[in-house]
Every structure is written in C-alpha cells, then in structure tokens.
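Each chain carries a letter (A, B, C, D and E) given by its place in the written order, and its residues are counted from 1.
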Amino acid sequence: MQLDVELKKSFKDFTLDVAFSLSSPRTGIFGPSGSGKSTIMNLLSGLELPDSGFIRLGDTVLFDAKRKINLKPNQRNIGVVFQHAHLFPHMSVKKNLFYGYKRIKLENRQIDPEGLFKVLGITQLLSRDVSTLSGGERQRIALARTVLSNPRLILMDEPLSALDEGHKFQIIPYLKNVFNNYGIPMIFISHSVLEMRMMTDEVFVIQKGRIQRHSAAEELVRKSWGSGLESYVNLINLGGATPCKDLFRYKWGHINFILTEPAEGEENLFELDSRDILLFKRHPEATSARNLLQCTVTDIYSSGNRVRVGLACGNEHLIAQIVSESVRELGIEEGAMVVAAIKASAFKKIF
Amino acid sequence: MVNEITMLTLSPQDISAVGLSLKVACSATLISTPFGIACGYFLAFGKIRGKAVVEGLISLPLVLPPVVVGYLLLLSFGSNGLIGKFLNLLGIQVVFSLTGAVIASAVVGFPLMVRSIRIGMEAVDQSYISVSRTLGAGWWDSFFTIVLPLSGRAIFAGMSLMFARNLGEFGATVILAGNIPGVTQTIPLAIYEYTSVPGGDRMALTLCLVSISLSFAILLISEAINRKFRRG
Amino acid sequence: GQVRVSVAKSMSNLCNNLIVQFQEQYPDVKIVPNFGSSGALAKQIEQGAPADIYVSANPKWMTHLIEKGKIESDTKKIFAHNALVFVGKSSTDAQSMSDLQKLTRVALGSPNSVPAGQYAKQAMDKEGIYDEMLKNGQLIMAKDVRQALIYADRGETDGAFVYKTDAMLAINAKILFEVPLEFYSRVTYPVAMTKDSDGNADAKLFYDYIVSEAAHSEMIRLGFTLP
Amino acid sequence: MVNEITMLTLSPQDISAVGLSLKVACSATLISTPFGIACGYFLAFGKIRGKAVVEGLISLPLVLPPVVVGYLLLLSFGSNGLIGKFLNLLGIQVVFSLTGAVIASAVVGFPLMVRSIRIGMEAVDQSYISVSRTLGAGWWDSFFTIVLPLSGRAIFAGMSLMFARNLGEFGATVILAGNIPGVTQTIPLAIYEYTSVPGGDRMALTLCLVSISLSFAILLISEAINRKFRRG
Amino acid sequence: MQLDVELKKSFKDFTLDVAFSLSSPRTGIFGPSGSGKSTIMNLLSGLELPDSGFIRLGDTVLFDAKRKINLKPNQRNIGVVFQHAHLFPHMSVKKNLFYGYKRIKLENRQIDPEGLFKVLGITQLLSRDVSTLSGGERQRIALARTVLSNPRLILMDEPLSALDEGHKFQIIPYLKNVFNNYGIPMIFISHSVLEMRMMTDEVFVIQKGRIQRHSAAEELVRKSWGSGLESYVNLINLGGATPCKDLFRYKWGHINFILTEPAEGEENLFELDSRDILLFKRHPEATSARNLLQCTVTDIYSSGNRVRVGLACGNEHLIAQIVSESVRELGIEEGAMVVAAIKASAFKKIF
C-alpha cells in the first residue's frame, strides 16, 4: 500500500497542514491531545472536507482539490475504528458485525467471518445484546465490523484509550492477529508510546497540526527519554513455553529464559522493565534471580541520575536502567562484560 | 348534556363519519410522515442559513386560524388556483373530495409532527452516521438504517400527535373539502352539523366520545411502540 | 345523475328532509349536499368548487356570486322566509323590544358577519337602543345564530335574537316575543342554480322541486314561513 | 386576494384586535407555563400508574374540535357550570370576558406545551437531582436550581409553540368569550368577521400578515434563547 | 462517629440484606460489580427507600422503618461523591463549588473554602467553564463541593474508577489531605484492592448483597492472594528525602533506602512490587542494586509455583515474592537470614 497525502484544513483556532507519504502497513500517528490526529483521520476517511490538497491511496485518487475529486466516505474503502466503539444501539451484535459486510459485492467478500470471529474471540458474543458488552468486547466487535467491510486501509483513532489496562492488553493480541492474518494495512493513532511500540513499525509525530518527525516506533521511546519518570520497557518476543519443574522455559534467540508465567502458543510478548535487570560484575552465588545472563555492554546513555545500559546477549539486545553510581562501581563501559540477573517473575506477559 | 349520556348510539351517517375521520387522519399522517421526516432532518442537521425562515413557514398553519388555512388552500387547490389547475389536468379533484380533507388535515397537523421529529433527530449521535458511512453505506442507506431507526420514537410521537390533531380538525377541512355527508363529513364536521338539529347535542357528545376513544387507543399504541424502542 | 347542493347550515335540517322526500320520487337522482356557512359556501363556489345549487341564508353572498358571474341570475328565487324572535328563560322579563334595555346581556349574531345579527341590529336601531346597549356592553356578539341560542339556552345571557326555526332547537329557553315584522327587513333565503350546473337536468329537477309547493309542508313544520 | 396586497392598513378595531391577541396569547402562555411544567414533570418523572390516562386527559383539547372544547368550557365556566358558579361567588366573570379568552387559549394550547416540556424533562439526568439533594437542597430547591434550568430550552420551546397556537385559536375562544369587538375580539375572530363579509378578504389578509410577523418574532426570540441555553 | 445500620432492600432479582456498625473514620466497602455497594450508598444517603431496618448516625436516627422515621437526603447531612463527578453543567465551577455551602447555616460554615481549594489544588480552576475540565479536575471539584456542604459523613462511590491511572494517583493525595485536614469520616466504595489499601483502614467485603467479612484493609490483599496473576505490592511510607550524590536517601524506620526518585514533603508513599526484591543467601559483591538489607524470614506462604516470603528488617516488614525453586536453593525457612537487594529505581512513587 502506498498512501500519499497533502492536506490543509483550518478551524477557528487550529490549522492542520500536513504532507506525508507512507508505505509501511503498520504506521502510527503520534501526538498530544489536540494536535490534529483525529482531524487527519476524518479527512482521510472523507468525513470532513479538506480546504486543499490531495489524498492518493495506491493509484486511486480519493481527493484532489484542484481536480475537484472528492470520493464519498463509502466510496473510499477506508475502514475506521473510533475511540468509542460506536456500536449501533438499535442492532444486535450480529447485525452490527455484518453491517459493512452486507454492503460489499459478493466477489469482494474475501474475509471469512467465522474465522475472524474466532481470531477475535467473539464467536460466543454474536447472540448478545449490544448493551451488555464490556468495553473490550465492544472494541473487538467494532474492529470486526470494520474488517468485515473489507477495507483497503484501516484507520484506528485511539481504539484502546477508552479501555482500562486490563482490557487494553486483552485486545492488542487480537488486533495484531487480525492485521497479520488478513494483511490489511493500518494507520494507528494514539498518544501512548507503549501502544505505538506494540502496534506500529514507523511513526509520524504530529504537534500543533504539523508533522514534527517521522521515525521508527522504537526510536520514539529511546528519544522520548528525559521526560523523567518513565522507565524504558523491554518488549521481548519469546517462543513457546516448556514446563521446567514448576516454572517455564522460553527460547529467546539462543538463550533460554526461566519465567514464572506459563503461556500458550508459539509467540508471546513479554514486558521487562529495564529497572528489573540487576547487573553484577561477577557471577553472584545463590540468588533468587532465575536468569543470569553473560552480556556485553554495547552503549550507555544517561539522563539525570539514571543510566541506560544497552546489553548484547548473544544476538539479542536488552536495555537495563541503573543509577550512575553503579556505573562507576561496576566499571561499566562500552565493551565491558557484566552479568545480568533477572527474576523469573520480572517478566510481565502482555499476550 | 350530562344527563343525556344514557343512550349512546351511532346513526349510519355517524359511523360513516367515524370511518372517514379514521381514513383522513391515517392518510394525512402517513402521507405527511416522509415530508415530516425530511423537514425534521433538514432542521436538525441542515447547515444552510435561514433555517429559521423554513421553520417559520412550516409553523404557519399553526399560527393562522384553521379557517384561514382552509381558505388559502382553497385558493391554491381550487380550479382557479395554480396547483388546482395543474391537478385538474391530471384529473385530480381536490376541492369537495376526500383528497381535500386529507390535504387540509395534513397541512394543519404538519408543524406539530415536524417539531417532534426534529427534537428526536437532534438527539441522534452524528458518530453513528459517520461510522455507517465508513462501513460503505451511502447517504440514503445510512439515513434509512441509522437515522430513521434511532429517531423512531420521536417519529412515532410526531405521528400520534398529528393523528390526534387531525381527529379534531374542522376549520380547514370544512372550507377545502366541504361538509358532505358520506364523502367528506368527518367527526368534527358531523358534530358541527348536529348543533343545528333539535336534540343534536347528545349525538354530538357520542361522537366526541368516539374521538376520545380513538385518540386514547392511538396514545396507548404509541406508548407501546415507544417502550419497544426504548428496550430494543 | 348527481346533484351537488351547497346549503347554508341553518337550512341543513330542512334540506336533509327535502332530499329524503325528493328521493322517494326520484330514486335515481343522487343528491350530494354540502353544509357550511353561507360565506364559506360562496367562496367555495367562487373558487370553482363543484356545486349545482346554492341555498344561502344571506342575500349578500348571493349578490356577491351573481357579481362574480357564478350564478344563473334568472334562477335566483326566494326559497323561504324566516322570522326573528327573542328567546330567553321564562323568568326573563321581556315582552317587547322596549324591555330589552333593562336586561343585563343580550346575545345576537355579530351584525358584521351574521345575517340574523343584522336583522337584530335593524330592529334595535329602530327601537333606538342599539348604540347605547353596545356602549354599555350589554350586547354579546356570536359567530352564528346557533351560538347566540346556546348563550340564551344556558342562561349566560338573559336572551338572544335568533330565527324562529332556531328557537325550536332550544331546550330551556322559550320564545319571549316575536320581533314585529316592521322592525326589520324580511328574512329571506335565496336559492339559485350556478353557471357550473349548465345542462344538469337532474339539478334542475331538484331545484324545481324545492321551490315548488311540495316543500311547503316541511318548511312550515320546521318553522319557516312560505315565500 | 394576491393583487390586493398593495394597501395594508389597519383599522382602529384591527389594532385593538392585535393588542388583545397579544395580551391573550401572552397571558395564556405565561399562566399555563407553571402548570405545563408541573404536568411535564409528572409525566417525565412520575412513578404512579395510569400516567397514560393523565396524558390522555391533557391531550383531549387537541383531539376535540376547538368549538367543542369551547362548548365544554362554557358548560364548566358558565353561570350554571360548577366552576362558573364558584367563580361568580368570587366576583370573577369568565364568560364574555378577556379572562375567558385567556382560559380558552390556555386549554387549547396546553397539550402542545406539555409535550414539549415533557420531552425536555425526560432528558434531564436524575443524577444531578440526587447530587443536589445530598448537597442539602430540598425538593423545591433542587427543582428550581437543577430541573428547571436544565430543561429551560424545552420549556421555552413549549412556550413558543403554545404562543403560536394561541395566535391562531378561534373555535374555543369565540364560544367561551364571545366575539365582542374591543373586549374579546382577537385577531382570528376579527379575521373571521372579515371573511364572512363579501370583499373583506384584503383586511383579513392584513391581519394574517400581522399574525405571521408576530409568530416569526417569537420564533426568532426563542431561537436566540435556545442558543444561549446551548452555550451557557 | 458511630454508624449503626441494618437494612433490607429487594429489587426484582437482587436482595440487599446487611447489618453493620462502624466507627472507623476510614471505612471501605469492597465487593465485585453488582454486589450492592451503590445500593448501600443510596440507602444511607436517603436517595432510595429501604424496605426495612434502620440507620443511626451518632445519636441521630436517619431512618427507622418501625418508627416511621425517614429523613430526606438534604436533612441527613451525608455527602456523596459519585463515580462520575456530575458537575452541574449549567453552572460555573464556582457556582458548583458553593452549591452546598450556600445552603448551610452561617454558623455551620466551618470549612474555609480558600484553604480547601488550596489543599485540592483547584484555586486556578474557579473561573473555568465546567465543560473544559479534565476528569481528575472534575472529581476534585466534586469532592470540594461535597466537603463544602459540611457533611457529617462522606460516602464515596468509586470516585476514582472513571479516571485513568495518571489521574487516579494524582487525586489520591488530595483526598487523603482533605480527610486528614478536616477530619470528616468517610465510607469509601471501590472494587480496587489498591485503592482500598490506600484510602481505608477497615473494610467490609460485600458479595451478592450480604456482608462476607469485616477486616483490616491490609488483610484484604494478603488473603485475596491465589487468584493468580497479581503480585503483592508493598506500600512503603517513607520520610523526607535527603539528596545523596545524585540519588535520594529516605528514612524507613531505622533503615535508610536509596531511591532514584526525589520527593517533596515529609510523608511519601511508595509502591514496591514484591517481585522486585531479590534475595541472596550471602551478601553479593558489586551489584547495581543500591539497597542491600539484612533480613529475617518471618513467614512463608505459597501459591502455585510462587512463594511469598515475609521479611523483618529492623522493625519494618516487607513481603518478597520468589519462585519455589529459589526457596530450596536459598534454604529459606522461618527464622533464616537473607540479604534482600532492591534497586534504587524499583520504588514507584504514588504520592
């Protein structure tokens, strides 16, 4: 997918003026509240009319002010998932789900609803009343409804921010599954760094109606450091779990991790707070930490009294965060060897 | 009058008046509904300036005495009137016909219906419309599958209001459609005629009671529909 | 065939009875009456509403239609006459026009719009009491004769000027006196065929019937006087 | 009629009719408002069974021909009527007085006002009332400081609807109050007089235009108030 | 304050039947959704009518079915803070705040509005429009509004659950300040264990309309263990911070902790995940952990493959969570000595 956009839109005291091209199927738009994220989405989907500019998706011109082209929202084939699910209150869950599906030509119905429902875990909700659904369930239905309308591109406007932490992480794997399985490109709007890292590969950062920069999603976090309170979170993809006594062993590259948490499936994402990695100069003796890794320090960057240490363990990378005092005490410098101790319980399963 | 309620019987002419009233009120309401919905939608969602003017025009039949409304309708639909001449070419006779009674009722009840529908439509969340559009529904599709069902309660309220008003409509009808027994004589016109017959009061009262029962029935039906809408 | 008759409401009772009589003789002719106030009927005819015969309670509206060329003027005939009476509760002390000024309130049709009111005004003017009673707020104007009668019947006013035919509808009120004929011009109900009726033989048939003596007995029964 | 618009002048009697109409429509609307609010509140929040019956009764004047409503009012307020007798003792004369015109207008317009207010009150979130109660506000306090302001838009809409309806009210007024120039002759009654005279159409039209202007003015005022409520 | 309650209330398919007495000024009502928490609140505040029973607050009878006493909500002098702030939309912030205040007698106006606004940090919001406030601001206004009405008791029905994490922890210190400064007793309704621990001393646990048990707030957490995923969080009250090189030293009983985070004021609440405490049998040499504590194991309880170890360090207590394997390896048993290592960055400031 190739999307080329150049748009201007003025409101009373806000002006959006952006131009960008994107080809990554997982793109993020990141920015603070009021920066214009939703406005971009409304313009792309045709719900609002730009003052000038153009929108090209692949080789279809969706909008061109000069050539007076302006496809209606229903002609654009762009799906939208809003912050609030906006399930139609007068329809059953099933009717909601098939609303878009029924409106596409038979030959374009490439998605198997049953399969999608299974992927999203909503098969058992079909007969429920819309008003009885929880927030997470509502968002999954909304997503399924959009996917079933067979869009060429899905825009997601903070689909998770109305959910609490529990629901949020419950729905992310579903989202990822859908986009992996059905290969639909998407633009993900959010002001959460964590969501961005999990959902997108590259990110446009927007501020006051203008695009500030364009970078890889991972960059966002490292660079955004310095704001102070947040610590870096390692996102670690592990393979399937093998029981090992009463714990579980996971493959991480050539290394094994011992975790307290079990997991099903062959792909699992865990969160490891950079502060949960304890560094030793020498191998400690008896300790309650289950994972002791021999690592090489690859880089060191610091902010205030805290230091982030890049570690290479085999082919994999980790970031540990320690205090600057420890750097001196442990003699940490690029190329130095250290032992990283990680408790089996420090890994938090995202999905 | 009160001590004469004892015997309530309807003459054949009364029964025909009740039938005509029902026919007129139903037709007027049903025919007006699409226009009422269109006007309600325009007033609720329209972005054009001068909505107040449109609203004022729609409210006219409310402000003018019904007899005047009837006279203005007679001017338009009479065989010398603009619309009347055109309809005559099509072989449609409005004056002194049931059609005329329906038109008179429709015009007089219209402002009430539109107000009700407008309030309901103003309460429909725009987001649902946006969502349906992005799901591939065209404007009309979205209108019929989202806007209409979501303002269903208000539409039914407007219809029942108009129906009730129509049951009592006299002034405009008597001018445009005439007071012809069996053809255009609805309940209010029959009541009017009874007042010039000795002992007509009792019969008039009976007809009033019929009107009241009809309106109660409609009220109960519309409450039931409302309750269903609130649930579903 | 079909005959459309526009009948002033004050004549509706009479007309209905005449139609029944007529159709006993001519069962094939369908009479379609339309009842309304004389003015409303005239306006309908003026605007081209279908009517073959116009029975008016107000000669002015007949004249109006003749001026507008809607009436076959040579068919205009006096159909019936009526008399003006004063009705009221039996307790009301009024035997003649000269007693009226003592009453608190008197109802009459609004002289501007109701013929019966005009006749009443004529009578009171003749007695020389109209302007003063009006000034004193003793006169209650009604939109039609029927309303004036209701006021008298329910005792809202001490009495009311109505036609003799209307007085027969009263439940409580009685005729207190008949207004002497010399006090007002004669109450006339004109009837005529419209230009629209052109060539409607059945309409002519009905017209001839109601202006014939066949109608007289019914008129007398209902309190009209014969032309 | 159309070619006669050229000269629009009002006779002194017309001017008095306009004044009376304004007086009657304003008084009827203002007097009905508290009752309309009470009924609207009851219909919106009341928990008693048989609300439908109350609603039906309130709707009666809508269903019956205005002339019948006027006749029923005459029965009640006339000197032999129950209420009339009582009021007579107090020295209040309803029949043939401006008071009668106001009552007739109030009764006929009431169902429209109540419907509008009811819809508005149904939209008031009960929680605000609960909160104010726990903050120490008594029932009336809470009603005046929370319920009323929050349904202000609907109340004004109901008032303007009723006002408009009153400008056109003929049937009930003419029966209860009589058609007495300078005392109870409102615009519709004056129009009726004109239309009952051959050639009176032009004058009738002039009065219609006055009515229309008045209702437009009210419409614009109520729109302005609405906008203020939406903002504030 | 002494509150004695005995209440029954039946709905179509729910019956509440509770009797309790409470005197603690910080009491919690804890229970799952639909257990009847809000119903209790509505009955106490007079917004709903009990079927039978009584409510006595101090020596005032607020309700007594037998004696046919039923004070109106405005006569009960009980303030309520709801889940949603329910600020009156047609009034300014200022009018909202003084709504209750204006309705109390002059001699009862014991609270100084200015001071309260300062405590709640809302002084600068007074002139704002209600619709422009954020969720946290709205709740603080709602709280101030209730406090200003000078209630004898404040009921809080999940006042935090509509807020996101950031706002939630932002408002808790304000809440605590208010209740400390003004000495108003309160009943706090929630289904969050953490909120309960922070806001209340004793807790009634309610389930399906009946009170299940009555316990100290801390008990709630320890006993609730076994549900699985959650780990125990140590809530640690520390004194004021002293800068110490580029870190900060806090007093905790007789012990000092070294933290990365600064703090103002003399009372600070930190969160320490039990999984962030690493245990060693012997003192490890060079390590990036800043805090090494000599502790005695006081108790051990386990669930699944995880074990919680109670530790006594001087007069203070901590709970560490490790895997059962480590228990064997480290020879942990009651009375054993271990070294607890805690990174300076493991402490998370709540307020």
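Just so we're on the same page, contacts are C-beta pairs under 8 Å (C-beta built on N, C-alpha and C of every residue); 3 or more make two chains touch, one makes a residue touch a chain.
Nothing here was measured: the structure is a model prediction, and the numbers come from that model.
Any chain bridging chain C and chain E, meaning touching each of them, is among D; the list is complete. Averaging Cα coordinates per chain places chain D and chain E 56 Å apart. Centre-to-centre spacing of chain C and chain D amounts to 34 Å, using the average Cα coordinate of each chain. Once the centre of each chain is set as its mean CA position, chain A and chain D turn out to be 60 Å apart.
Distance from the chain A centre to the chain C centre is 89 Å, each centre being the mean of its Cα atoms.
Each of residues 67, 71, 75, 192 in chain B touches at least two other chains. Among the residues of chain A, none is found touching two or more other chains. Across the assembly, chain C contributes 43 as residues in contact with two or more other chains.
Chains that are in contact with each other form these pairs: A-B, A-E, B-C, B-D, C-D, D-E. The residues of chain E lying in touch with chain D in their complex are 45-47, 72-74, 76-80, 82, 84, 86, 88-90, 99-100, 103-104, 145-146, 149.
Residue ranges of chain D in contact with chain B, taken from their complex: 1, 52, 55-56, 59-60, 62-68, 75, 112, 115-116, 119, 123, 157, 161, 164-165, 167-171, 188, 191-192, 195, 204, 208, 211-212, 214-216, 219-220, 223. By the touch criterion given at the top, residues 37, 39, 42-43, 60-61, 63-64, 105, 107, 110, 112-114, 137, 139-143, 147, 150-151, 154-156 of chain C touch chain D in their complex.
Residue ranges on chain C touching chain B, taken from their complex, read 4, 6, 9-10, 12-13, 32-36, 40, 43-44, 47-50, 146, 166, 168-169.
Of all residues in chain D, only 71, 74-75, 78-80, 95-96, 174-175, 178-181, 183, 185, 189, 192-193, 195-199 touch chain C in the complex they form.
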